[in-house]
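Below is one structure. I have some questions about it.
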Amino acid sequence: MPREAEPSINERAFILEALQENIRLDGRPLDAFRELHIAFGEEYGVADVQLGKTRVLCRISASIASPYPDRKFDGIFTITTELSPLASPAFEVGRQSDLETHLSRVLETTLRRSQALSTESLCLIAGQKVWSLRADIHILSHFGNLIDTSCIAALAALRHCRIPDTSIKGGVLIVYTPLERDPVPLALLHHPLCITLNYFESGEKMLVDATLQEQQCSEGEIVVSANPQGEVCLVQKGGGGEVDALVLLRGIGLAVGKVREVGKVIDRVLEEDAKRRDKGGVVSRELRAENER
Amino acid sequence: MATKTLVFPGDIISPEVLPIPTNPSLPLKLGPGLRHVPPSTITSTLAGPLCIDRKKNAIWVENNTGRYIPQPNDLIIATVHHSSTDIYHCSITPHTAFAQLPQLAFEGATKKTRPQLNSGSLIYARILSASKHTDPEIVCYNPSTGKSEGMGELKGGMLFDISMAMARRLLMHKQKADGGIALLEEIGGKVAFEIAVGRNGKVWVKSGGVNETLLVGRALQETDTQGLGIEEQVKVVRRLMRQV
Amino acid sequence: MPLPPSIYHLSSSHLRLDGRRWNELRRLTAQISTQASADGSSYLEMGNTKVLCTVTGPSEGKGGGRRGDEDSMSVDVRVNVAGFAGMDRKRVGRGDRRITELQNTISSAFSSTLFTHLYPHSTISLQIHILSLDGSLLAASLNAATLALIDAGVPMRDYLVACTAGLTPPSGRGDGDDMDPLLDLNGSEETEVPFLTVGTGGAGGGDVGGGGGWV
């Protein structure tokens, strides 16, 4: 009969006492992330993100499908999350938990409704053929802050993903294999990320990247999605303790700073990965330039 | 633990390594990770160093994986989940069934003087009985003497997670010689603290302040995750001491 | 997101499509005790958004419930969108993620507003029926639920009142100064403008932010 590990009275009291002195259990400052490690798979579109002990794998897969009849010019982009008992004893098979709904809705708002990935760019032949893109997010281990980790994984995978190049000749759709033409990256309009802030003392203290224990002890959480340009995509605070409206503003400011920081890490890792893959030399670079859309 | 042979699952333990019993009437005891195939073959089912205790005529494979499975006589740190008429239901790990702690199973407890524990309290207890088919039963006193022997409610302090092998090492009689742990002595020389180790991979630490408690907890966790030797442990303690 | 600028005549006439100014609410009417059989009920109209809410309980949780939630009441929310609520007849399945999220948001909002610790071992259930849907769904549901809970006499810290606010996109000329805030969005505005639902307690500074959109 597995269940969520609830913190005991002693742990709760100690965490709160330590926070009053601005100390976190792992010795981080209040506004610091745990160690972030991003790895890409051998294939394009697979990202494995580790944030401390929390680990999330995201895989993007693409196939060609017919569009929804009411959205003829839009491709299909679905995000699915999988919370299996592998990650935490609190997760059950089959039943969709509140956390899972929350997680997938936040990701959907952040990545899809904010038009980060323009679904119009996935259209091949209006009303007939579009790319159907799927982001499968697997939670491998849960030690707090699933939302941020999943969002980093999804965005990193999207930015890393390449889909086959296509062209239309005389109304016939041609999909090129990677040998004929280099696969093309996705058209991402901006790069939003989620930052979850757990607050204590009615918003006096805000923790970035809370661990599971800190999350369980906090009064509530605020989710902010923003892009490195400072544009906010989502602010969410459902329930939890009451906070002043100014706390929200302060939280958004804090989150935007963190988004920039994490965005830079993703940029750097993507660059390193591109360097690793670029074995070609001059010839391949010129070929690629030709194929770039 | 003088001789250490590494075994893999399926290895046959050669009779030479088996301990020669000091007392011929004492039967050979097989611990975790070993399996007796009649008539006289012993094979291992886990990978790890083979440990031998000549005095007890026991042999087992040390292995640092897996969840905690309650075993009789283990000391554990549990959380009270809820109480019913005369039983506290306690959670040992999130995966195991609730353990039953009779409300009278404390030192000198009577119907009137039994301790009142709220849900979420921490207790240090010994497992009385555990089997696959029933909920484990735990007690906070030694049933033969009626004394608490350090068990009971843990007040204040902080709980830290450690691996099960680390918990076993910490509970060894000769910590330094057998377990290879020197950091508690090292810290103990400078900071006063209380500690309780549970076989279920939990350590409870209480000290004067937040920083001191965290110092002990972090030193333990670092030693555990990085597999530090005795000298390195001393270094870690000195480094953490400087930060306090 | 490229937006058809024709939708906004705000800069020229300072009126929205339905003739409201930027800071005007739609017509708000509400009734309580509409359903005789429920413990508490309310009917709320915000313009063309019409919501009926009934409260049952607090009553003993069914099937024993999950252990661990025993020391406080759990808030169970069911949102039912009627087939005739939108422009074209559509059945919204129970598994719809948007509806599930809506339920969770309302549930967590009231879990922290109601005195849940007064009713251990029990459940209070809110049934919210959306009869007509024209934007501000979360805000209307929260307001209707508050009314129904007041009608049922459930003790609460404060009234939870919600409204949506949006921001028109910049016209492209200025540097964002010409972005106008909009209050209480209707259905067509909601699809075009980034918006936020804010719920606050009457006196305190509590709030429930929901939704989003691209700025």
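A, B and C are the chain letters, set down in written order, and residue numbers restart from 1 in every chain.
Here, a contact is a pair of C-beta atoms (placed from the backbone, for glycine too) under 8 Å apart; a residue touches a chain by one contact, two chains touch by 3 or more.
Keep in mind the model is a prediction, meaning the values are calculated, not measured.
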**Prompt:** By CA centroid distance, what chain is farthest from subunit B?
**Reply:** C
**Message:** Between A-C and A-B, which chain pair shares more contacting C-beta pairs?
**Reply:** A-C
**Fill in**
Separation of the C-alpha centres, subunit B versus subunit C, in whole Å, is 52
**Request:** Would you mind pulling out the distance in Å between where the CA atoms of subunit A average out and where those of subunit C do?
**Result:** 27
**Message:** Centroid from C-alpha atoms only, then distance subunit A to subunit B, rounded to Å. What do you get?
**Reply:** 39
**Prompt:** What residues in subunit B touch two or more of the other chains?
**Reply:** 81
**Request:** Provide the list of subunit C residues touching at least two other chains, using ranges where the numbers run on.
**Result:** 68
**Complete:** The positions of subunit A in contact with two or more other chains are 3, 6
**Prompt:** Which subunit B residues qualify as touching subunit A in the complex?
**Reply:** 79, 81, 91, 93-95, 97-98, 118, 120-122, 154-159, 204, 210-211, 213-214, 217-218
**Request:** Would you mind writing out the residues of subunit A in touch with subunit C in their complex?
**Result:** 3, 6, 96, 98, 101-102, 104-105, 108-110, 113-115, 220, 222, 225, 231-245, 248
**Asked** Mind pulling up the subunit A residues that touch subunit B in the complex?
**Response** 1-14, 17-18, 21, 23, 25, 27, 89-90
**Item:** subunit A contact footprint on subunit C (complex, rising order)
**Value:** 1, 68, 97-98, 100-101, 104-105, 107-112, 196, 201, 204-215
